[in-house]
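One structure is given below, represented as structure tokens, and several questions about it will come after.
Order of writing sets the chain letters: A, B, C, D and E. Residues in each chain are counted from 1.
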Amino acid sequence: MSDVLSLIVAKYNYWLYVILMMIGLYGMIAKNNLVKKIVGMNIFQTAIILFYVSVGYKRDATIPILANAHDAHGATAIHAADYINPLTSCLMLTAIVVSVATFGYAMALAVRIYQRYQTLEEDELRMRLSEE
Amino acid sequence: MRFFAFIVVCLTGALLLYGTGEFPDWGDPNSPASLHLSNYYIENALNDTGAPNFVTAVVADYRGFDTMFETAVIFCGGLACFLLLRDFREKKDHYYRHIPTGVILHVKDSQKPLTIGKEFGYMDKDWVPPDLIIKTVCRILIPFIQIYAMYVVAHGDYSPGGGFQGGVIFGSSLILLAISYDLKTLVKRVKERVLGIFAAAGVLLYAGIAALCMLMGGNFLDYSKLAPLVPWNSHHNIRAIGMLGVEIGVGIAVMAVMLIIYINIVSEGRHDEGL
Amino acid sequence: METIISIKPLLAVLVTLFVVPVLISSSSKPNVRESWIFIAGIIKLVLILSMLPAVLAGKQIVLTLFEFVPGASIAFRVDGLGMLFAIVAASLYIVTSLYSIGYMRGLKEHGQTRFVSFFALAISATIGAAFSANLLTLYLFYEILSLATYPLVTHHQDEKSKISGRRYLTFILGTSIGLVLPAMIYCYHVTGTLEFSTAGIFTGELSKPEATVLLLMFVFGFAKAGIMPFHSWLPAAMVAPTPVSALLHAVAVVKVGVFSIVRVMTGVFGVDLLTTYNLGIMVMIIASVTILLGSCIAMSQDELKRRLAYSTISQLSYIVFGVALLTPQGLLGGVIHIVMHAFGKITLFFCAGAIYVTTHKKYISQMSGLGRKMPFTFAAFFIGALGVIGLPPTGGFYSKWNLILGTLEAQQTIFMLVLLVSSFLNAFYFLPIVYKGFFGKSEDQEENPPEKIKEANLCLIIPLMLTAVISIILFFYPTIFINLIKVGLGI
Amino acid sequence: MDNYPALIVVAPFIAALFAGLFVWIDERLSYPIALAGLAVSLFSGIQVMIQVIASGPIQYKLAGWAPPIGIEYRIDLLNAMVLILVAGVAFLNLIASYRSVQQEISDRTGSYFTVYNLFVTGLLGVSITGDLFNLYVLIEITSLTSYAQIALGDKDRGPLASLNYVFIGVIGASFYLLGVGYLYMYTGSLNMADVAVLIKGSEGSSTVLTAFILCILGIWIKMALFPMHVWLPNAYTYSPTAFSRVVAPLMTKVMVYVMIRLMVTVFGYDYIFNTLHLSDAVVWLATLAVLAGGVMALAQKNLKKMLTYIIVCEIGYMVGGAWMGNQLGMTGAILHILNDALMTFALFLAVGNMVYRIEKVDITDLKGLFGKMPWTMGGFVLAALSIIGVPPTCGFFSKWYLILGAMEKGAYHFVAALVISSLICAVLFFKVFEICFFESGSPDHENSHGPVAIEDAPVSMIIISGLVSLSLVVTGFYSGTIVNTIILPFLK
Amino acid sequence: MHWPIDIIVLTFVIFCAIAALSVKDLLGTAILFGAYSFLMCLLWTIMGAVDVAFTEASVGAGVSTVFFVAAIFRTRRRTKD
């Protein structure tokens, strides 16, 4: 029992990120409304960010900012185990920026499509297109 | 479609779960991900770059090249929205509000625009009088938000935050202005031209500093070669100064782009009326 | 074997290509344009002939342009066989150019500049194919030729030529991409080389079934040779103006097909391998079928050019047939038929064209009595027909004779019968035309009063008389070509 | 100067930013700035190529940090080739497309040139980088800029095509990012060479396998391998001329490059072919792609759309060759990156010229075009022949290697697919030629400005189009040299 | 030991994600989406990635939601799914 529990504790974060990603992907493929799709897309992207952040997490470590930076200045030794991984955070900053740029542009596209077709439902759009 | 989506999603999920099977435990300090590179960054960032915030050190220096393109991505986003939505055509009918009386004028011929001033004010189709409380609160808040944004930019290497976050906050403060008053107020104060120049110039500041390193004889982005340019600097790591420069660039660019995207979406590219 | 490195083969190929821009730029001045064609044609012939002595002396002239992969490069090698073909094509090009001036201007065809430009391109490709040192180069020029002739075939740009052009390309491109290309790459895959050599390039890598399939792919793949069932593009291509039919569909294009098959059989497989696996018989059967069927169909055609086309199909298979005999006599007979048939058939086409230009008659049934009004044309037609049938005093006799000797040498008496029957059929479908021309009654006197029909103009007459005379001369002096073949095939 | 590697990417980038800046100051300056940036990039690319041929792969440490810590550029022969290709095509296209940008996007040309240069920057960055995450960022730049440009094309369909592309592009890029994440989980590094060393000997690891599948899948989606191609035809058809001319030759090819880079440098042949035995399955998939692309192209009525399906078909060629698991196939795939880029470029240049004059390129609109636009059509014919694979155009030579590779592996189905697709292409193009050649169109074409007599495109467009078409033949002749000096040394 | 907090927040995150995708009012989606982003930001703070969390707070919960609302303002609020 405790094995199972420890396994769950050890891995649940990864499992839940997978579930979140599946939700996003499903929304992206199956939803009919374009805005919903865009939301799905963002959930999908955030799930990946969650994954990276989980990878970078360390037990018993603190945020990646040097404690007592102002007076220490390299005087005391820095223990790597004390701080969480800064690299994944860095990567994910970039990923967030990408996702917000994509999100903004996708929204702009949605507005544009609505201007042209007066609808955002995919089935109606398809109907409109086949009419023309 | 739903069924297809379900299958795809399940397959992907199964693949990802299968991949996690051999992962080290969550938060395991001895996982390879936390050992190979991250230790180097944690142990040497301060000496190498003078930034106690390791993330900023990695973002702006070790992987500064990524960040430059990250800024380019956001610039692209703004440019894309501009290209897609911006509509230069003049709108034919305008609504004006006669301020003293509150009478609404509908002018169909746009040849003779009324002068906006004490007497007449713009008004949108679904114009509501700005709420006094909201207006006042925002007017008081916005400068503080902006100062905070600048703090976030400038203090990026000591605390969480940096150019990007600061830029977003600054941008939001202006968006707040647009929401609490109306879009016209914002567009009047912050010209589109200024935004366009800021967006490009911000990224250019970043790329320019990086290219300057190249001109000074180093590799691209190698801030250490900038030392001769700041002779008065004695006790700061030169890399930290370089990082500050690029963070400011990022901040400017992001601020401008956020506004560009917002204005274009909310006014469908006509820059007249919005939320 | 001694080899000389020289740029001459390249020049010989390119000279007519380089003239194309000049042709286009002088498109408004027809006389200037045509004189350029002659200059290019003569330079080309001179270049080719200048290599003749060396080739006759048993040397080979080589030039490698681009090494693509080891063993497969863009390279030229002038040997006896290529020389023979090049001489025929280049000399007939000059003659045909003269003829096409008369023809095109006589009919006031449109797009003459386009016509002569692609003609020049086609002849470049033909010479290139003749001088190819390996299968890759041969394939290259083969394809260029296919494409360069497409605008010629469809010159009239009407619905009929569109359909014909479609059929033309379907057969030619379809087979070359679908069959030759994989076969060629397979050869390279197995042997690592594509250079022609008299011993063949295979050194025991192929089993018999593989060799059979490969050979069939090549024989059918080079559809320009008109082996049945890939022959029907040739009658379709007869919608083209007659100079095209004459030079390309009696000499250049079809002969490139046959020439390719000859090259593949002698240079890629090698006579020894084919003999070992006894593959000659198979090819002979295919060729015989084409010979007989072609002749039979020819008899049923009333349109003169179509009859000539079917005759060509059957005659081409003689060449394949001769090579497939795999004996010295057979090879000699087959290859020399390239020359003899070229001169004979081009004469016939010229005559058909001359008749068409002068009287606008296409059908044989309309031609009775014409011979009396166009004596030179019909005399030349007679000589050409003799050449194709293979009767003295024309060169055609020489090739048929050697072919029959070849069958005896290979002890294939049944196939000798094929040759004899076919010759009989040839006579049967050619000679009546001549007979009716000279002795038949003129039918349509009301529409075309006799005084209106007179001999064709000089631009048409000179070429056809010239080729007719040459085909007689060849009966007496075939030595130079025989020597070329002997040098080329080492027999 | 040691900074050429950085200049390749940075020059168009900075040029793009200046162009973007000048939009608001003097828009006319944007174009020359953008052009100059690409010219510098092309020049640097050639310099780098010379260096690489002379003295082997170049490493360039960005920000001066040694590789696993910082980002590095590692340029070997393959990179250098792709870089020159990208910079060259982009540069020529910018010259050729000036007029059509003026025509199609008249009121925001400056911004368009900015986006264009950023797009090229992205492609160049993707082809040069030696860092897995940097690759992702640059892929996103190319994606975002291409979304933006596609939406500018057809007023009605452009935005929809673009949004579809956004969704699928995000899925592709995210898969790739996830793959990189899994690799990072396993190795703790992001540098390609470093990762390659660290995953050596971990054949059985499920993490590495998942990472591999995710990366390759992501790249396949991005390159539009059948059946993940659905976004491509609409996206490329409805985009403006200037963009479809550059994206069609480059985008998919650069993605193929990324795939080869992942296969060769990161995961290694040994892992893919000897541990996973994926070769057969993928070659079958490629066969399907080739056939499906060809068949779908047959059904199209719009010339541009037809060409996009041919791209789908050509992707099958390259994927099949790369996964053949032998040197010949890989040679063919790499050679085809170069050749196909040039061929597609030539085709789209010609189509762009047609669009410039007649606006709509349904096949039936092309009547009598041989007479009216002889030079454009000449270029078109040459490019079409190259796609069909007629020697001496370059298309033939890469096909040669691909077929040879397939024969060595015994994958005769792939050989058959290649031959059949050649035939299909022949049918397709001659169908077009017939219409252009036989049907005499009315002397005046109707377009939105009323009847206009059609003449050939402006000289700047024709010259580039003709030049590129001729380069097909030249490349064909020098294929041997290219293979011997670039591809074989890279693969050895 | 952060994991109990972590798992609670994660559950909320997933709940918000599903809700954002399934409500039929797009304005509701916008707000739920903002909540989702904010919870996500909380989650990352728990894991110590403060910079990422900060960014997500300003971008995901802030600007993105504004864009979202702006887009809905220009399109339609109701949807079928």
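Observations
Basically, a residue touches a chain if its C-beta (ideal position, glycine included) is under 8 Å from a C-beta of that chain, and two chains touch if they have at least 3 such contacts.
Predicted, not measured: the structure shown is a model, and the values here were computed from it.
Shared contact partners of subunit A and subunit B, listed by label: D, E. Minimum number of contact steps separating subunit A from subunit E: 1. Set against the Cα centre of subunit C, the chain with the most distant centre is E.
Two chain pairs are in question, B-D and B-E; the one with more C-beta pairs in contact is B-D. The central chain of the assembly on a C-alpha centroid basis is D. In whole angstrom, the spacing between the mean C-alpha positions of subunit A and subunit D is 29.
Averaged C-alpha coordinates give centres for subunit D and subunit E that are 37 Å from one another. As a whole-number value, the distance joining the C-alpha centres of subunit C and subunit E reads 78 Å.
The mean-CA centres of subunit C and subunit D are about 43 angstrom from one another, to the nearest whole unit. Residue numbers of subunit C whose C-beta contacts span two or more other chains: none are found.
The set of subunit B residues that touch two or more partner chains comprises 16, 20, 23, 31, 33-34, 37-38, 41, 53, 55, 59, 62-63, 66, 70, 73, 76-77, 80, 84, 160, 164, 261, 265, 268. Counting partner chains per residue, subunit A has residues 9, 12-13, 19, 25-26, 54-58, 61, 63-65, 84, 87-91, 93-94, 97-98, 100-102, 104-105, 107-112, 115 touching two or more of them.
Chain pairs that touch one another: A-B, A-D, A-E, B-D, B-E, C-D. For subunit A in complex with subunit B, the touching residues are 9-15, 18-19, 21-22, 25-26, 29-30, 54-61, 63-66, 69, 73-74, 78, 80-91, 93-94, 97-98, 100-102, 104-105, 107-109, 111-112, 115.
For subunit B in complex with subunit D, the residues that touch the partner chain are 15-16, 18-24, 31-38, 40-41, 61-66, 69-70, 72-73, 75-77, 79-80, 82-84, 86, 88, 193, 196-197, 199-201, 203-204, 207-208, 210-211, 214, 218-224.
Listing the residues of subunit B that touch subunit E in their complex gives 53, 55-56, 59, 160-162, 164-165, 168-169, 171-172, 175, 179, 258, 261-262, 265-266, 268, 274-275. Those residues of subunit A lying in contact with subunit D across their complex are 25, 28, 34, 37, 41, 44-45, 48, 51-52, 55, 87-88, 91, 94-95, 98, 101-102, 105-106, 109-110, 112-113, 116, 125, 129, 132.
Taken together, the subunit E residues at the contact with subunit A in this complex read 3, 6-7, 10, 13-14, 17-18, 20-21, 26, 29, 33, 36-37, 40, 43-44, 47-52, 55-56, 59-60, 63-64, 67-68, 70-72, 74-76, 79-81.
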